[in-house]
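Each of the next two complexes has chain A plus one more chain, namely chain B in the first and chain C in the second.
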Partner chain A sequence: MNAIWAIASSTVGEAIRRKVLLVILLIALLLLSIIPALGVLSARSEMSAMISTIFFVIRFTSALIAIILTIYMIPNEIERRTIYTILCKPVQRWQFLLGKYFGAVLALALMMGIMTALSLVMFWFLKHPDASKMAEVAKQPILYLVEMSLLAAIAIFFSTFVAPLVNFFISTGLWLVGTVLNPLYDSFATNPQTAPIMKTMAKLITSILPNFANYDVKNPILHPGVVIQNEASYYLKTVGYGFMYIAILLILGIVVFDRREV
Partner chain B sequence: MAAAIETKKLTKTYRSRQLGKINVVNELDLHVEEGEIFGFLGPNGAGKTTTIKMLLGIIYPTHGEGYVLGREIGDMDVHRVISYLPERPYYYEHMTGFELLKFYDSLFGNHDPDKCQRLLERVNLAGDASKTINQYSKGMQQRVGLAQSLLNDPKLLFLDEPTGGLDPIAHREIRDLILSFRDEGRTVFISSHELSEVELICDRVAIIHKGEIARQGRLTELLKGGRIEITLQGIDEGLARKLATGGTLHNLSDGYMLDMPEEEDVNAVVDTVRSAKGSIVSMVPRKKRLEDLFVETVRAATPGAAPKLAAEGGV
Partner chain C sequence: MKDSKKKTLLAIAAILFVFQGFFNVQIIHPQWTRDYSLGKQSLASGLGADQAFLELLGFREFLAGMLWVRGDTFFETGNYDAVLPIIRLVTILDPKNIDVYSTGMWHIGYNFTDEEQRSDRRYLPTALALGKEGCANNSETYELYYEEAWLWYHKIDDDYPQAVKWLSIANEHPDITPARKNLMRNALERDGKPEEALQLLYKLKDQAQQDYNQDKNYEARNDLETLINNIDTTVVRLVQRGNIAEKNGWYASGDYDTKNPFDVGFSAKVTVTEPKVIVVEGTWNVLPVGTRVRVILRDANLPHSVPGSMDWDAMATSVQLDPPKNETYMQDQLFVRNRRFNRRIDMSKDPTMYPFSGDKYLIEFYYNPRSAPPHIQDKFGWNGEGMTDSNFLRLDARPDNERVVYTTLEISRDQLLQQGAYAGKVTVLKTKNYHDTAIPTDSLDDVIMVPSLRNSGATSASTSSGAAPGGKAAANAVINSLGGGN
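Right, the complex of A and B next:
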């Protein structure tokens, strides 16, 4: 446990010094502080549009950070041979991988926390929203964090056996597909011309692929007219799904990494 | 004495597109005793790093056996009592020297800042403890590497090319540290192609070439067979020829030069020359150098390839 924690915190230390990530974060923070200011001019009904924009910026930036942060993590360790100085200590490979993963999640949480905090402050001062609106803005990023942890788990899994650039396309691709998975499936399955066998296939594929859409609760494009009856159970379900998927990916990643020659 | 490292037919095969299967390490039989400094020598690409990684359980042998401190390789428990300094290592640059040591210490489940401080003092980095690694020179990085390799008070240290790419002063510092490890009773396994370095500190060496051990033994034994050059004047040619039976004779403008193996009876030559009223101008021992042995060994293994390898072996 000690070793995992030590590796995780060294990973955070490295992550928050990566210039690419800082630049991305800075651009996002700039956008997030401009959006509410633009909204000042428009009517009060624009508030929900503004919230969507804030969410979009946070989500997109976090995904970019999650991918860029994780695809290089293991390959860099091998290339710079820092991994040897760690694996020759009483550290098992699974501990190393988990440490790296938790470090990535912590760094993500930190950066997402900063974005959310800034959004809340700007929102509060410029729009004077009521408490329920504030809660809405504060809650969504929690689901995003679970979503990004899942994305990071995908990227770290692939990083145990593919090169960073390939991994970038795989992870980004899976995230994009996973984001539109629900509407994609719906349009396919509700089409009367689809053969039953194709429907079963579609069902199978959609349940295997990681589903990212469910983490974007308030997105009217992904969830048109959806009213969540029991919010607590919805959150619990999506978070539980995420954690299970993450656990499976990490176990597979460990299996691959254990056999790998570094 | 017990063996610190023992391998039996340890082999690592890689596949490459052009060459097919190649045995990068081929049926290696190594024997390293406890408490010695062992030099693992070979030209670049000989298979030194691959062997060390197998011994550490970082990569897996294709076949063969290996034991480190009596435990089969791959046994992670042994990592508590050994340490490793990779070749051209790279450390987390954002950490300070002190943080780096604390980080590696925590990988053992320890938290002992005093010990970290003491180790930094030992490698002469106490004054630079709060500088980050990217402000360290190469020599300083190598010293902080040695400091971290001492965190667990190891019985056995693997040092892969520890002086590679360092200036002479840094060489000297590293060498003195390694010697102090032996004084503390630790076993040190050094891979290197810098022969003059190894010659100064190693007790025993193995020469590896193309994945195979070409020579292995005590340095003093391997370096037996030096020569002595004796320059003589004032004796006639007949006597000179008689003296030269064990060696070779060269004619000089004003005398002779006798080149003979050092184990020949030099005193007898001196006596004979003196009693014939001749004079001995000089006697120069030509010690066999590790470099000679190395070139000789590599040349024997690959006819024709020697000049290049000799250049790599030189310092």
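Right, the complex of A and C next:
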């Protein structure tokens, strides 16, 4: 555990020092600061538009950070040969991979935390919502963190055997597809004109690919009239689903990385 | 790592992979669809690549806002056709945007007109369907139910049970404003149920009184006073029009305003003066201003047609932005002045709205006393019991033997377009009773002397027969018999 923790903490330090990630974070913070000016786009739903845009900025930039942070982790270590100094110590490869992954998740959590904190402060200053509304708005970024942890697991899995550029496109593509899996599946399932084979295909794809759409729970936050049944149960299930998929990807990553020549 | 450990790990991963698929599709997904899905329409259909990208990233509300701002510029420039796809896209992207649904319904229902400002009613099913969809997506608020009811009540102005149905749902929502609940009274009256309207008014008045007692603000007082005034008006009308007498069995002995149904003497003549231009003239023996006779020119075999209207509800099944381009449906109002009407209807400037692609057409004339203004209804009654027409009174045109005036004239495409055998010929069609002689306006013997709203009730009834209660006594009888006044 100590080895994993040591690698994770050094990974967080590296992530903080990487300029590209800081630039992305800075852009996100700038975007968040101009959100109040976008209220004009929705006269009567100003608050909904504002919250929706906050969520978008957090989600999009977090995804970018998650992918860029993780796709270079292992290839860079190999390329710079720094991995030898780590693996020659009594550190197993699986510990190295897990340490890198948890470090990435911690760095992600830190950056998302900064974005969320800024958003909440800005939201409070502009709208003076009550505590319950603030808590409502804070829920979504928590699930986004699970979503981004899953995305980081995908990127780190592919980083064990593909080049960073290829990995970038694979991870981004999977995330984009994963964000529309639920609406896609619903469209096929509810359309009576869809051929049965297409419905089966949609079900199969939804079962196989990581489903990022599950983490989009902003509907009741944006529209307070929507009644949710058993919200806590849903949150637990989606978090459980995310951990399950992360475990699968990390196991596969460990197995692949163990066989790789470095 | 040992191979056996790897195999164990891979086996665990395989089991987890199968389980996550089942867990995602069977357990999480149904709950997500029920609670967190934004709407039934989804995906980026109809969006540009950049818009689709934003939509896919869950940026739907922002994109909807941007599109709606774009739609606003089209509104300002009068480019109404361009607004339609924007309305559709915005409602797909943001099904919770009530403003877009309500503005969209109004725009589709009212803004597509010909050169003479007649609405293109082929769009009405689209507006109604959009409203239905909006209600389904926003069932937590009264707003779109109210808007849907308003379309039925004001725009369609005929199938009043529909207005009552949608208003009933709107009124059940706790967020409806008190003043808006009052429309239900008008809808019930137009649905021929004035006593139910009065009961509703009493109920609303009690609520308004409670609200006023709790907070004596201007709005609460205004609402209360409006309701009291409306109750007064309705009670007096119920008395004067004989409804309460009818209910209590003394109608025959009293001199009520609706007694001796008045023959409106409808007749009409249609002249095709130029291709696609008709002049409609005729008689209606009601002198007071306020009568509007509906005239429709439509394909003779138009699906879903009913006398004097269409079965709009049956047609409003899906949001179709393009109305049926090959169908012709023109509806206008004939305003009666000095007991005659005369209107030139020019359909030549709007070939898209009036394609005239069929061979046979019907010109329909329709008058429903339920749509009449109150001063006319004071004679005709809410259900036309004080109105008749020796030639064209119809009891079979509407459900429940509603008393309406209805007749049709047939005309061919060649006659309307003055082509073929009718090239250069002026076609004249008349109802059998039409007479060109002007009705003398110096004699008012056969003209309804429309009573003004009297606060003395059916005073003449009580004085002439001595049997029926009149004035305040009758009003009290109404209040007591309908359970009000508490």
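Annotations for the structure displayed:
In the analysis below, the second predicted complex is superposed on the first by the 243 of 262 C-alpha atoms of A that agree within 3 Å, B and C clash if a C-alpha of one lies under 4 Å from a C-alpha of the other, contacts with A are read in each partner's own complex, and residues count from 1 in each chain.
The rule we apply is simple: contacts are C-beta pairs under 8 Å (C-beta built on N, C-alpha and C of every residue); 3 or more make two chains touch, one makes a residue touch a chain.
The model shown is predicted, which means the values in this text are computed figures rather than measured ones.
When the two structures are aligned on the shared chain, A:F60 is found in touch with chain C, with no touch to chain B.
Within the superposed three-chain arrangement, the count of touched residues of chain A is higher for C, of the candidates chain B and chain C. Judged by the touch definition given at the top, the superposed model places A:I251 against chain C, while chain B stays out of reach. In the superposed model, A:Q92 makes contact with both chain B and chain C. Using the contact criterion defined above for the overlaid structures, shared-chain residue A:R80 touches chain B, although it does not reach chain C. Contacts of A:N2 after superposition on the shared chain: chain B is touched, whereas chain C is not.
In the superposed model, A:K19 makes contact with neither chain B nor chain C.
Taken together, the two complexes place residues 92 of chain A in contact with chain B and also with chain C. The touching residues of chain C, counted against chain A in their complex, run 1, 6, 9-10, 12-13, 16-17, 19-25, 27-29, 31-38, 40, 42-43, 56-62, 64-66, 68-69, 96-99, 138, 140-141.
For chain A in complex with chain C, the touching residues are 38, 40-45, 48-49, 52-53, 55-56, 59-60, 92-94, 176, 179-180, 182-187, 190, 203, 206-208, 211, 213-214, 216-220, 222-223, 225-231, 233-234, 237-238, 240-241, 244-245, 247-248, 251-252, 254-255, 258.
Contact residues of chain B toward chain A in the complex are 53, 56, 58-60, 76-77, 79-80, 82-84, 86-92, 94-95, 103-104, 106-109, 145, 148, 152, 158. Every residue of chain A that touches chain B in the complex is listed here, in rising order: 2-3, 5-7, 10, 13-14, 17, 80-82, 84-92, 261-262.
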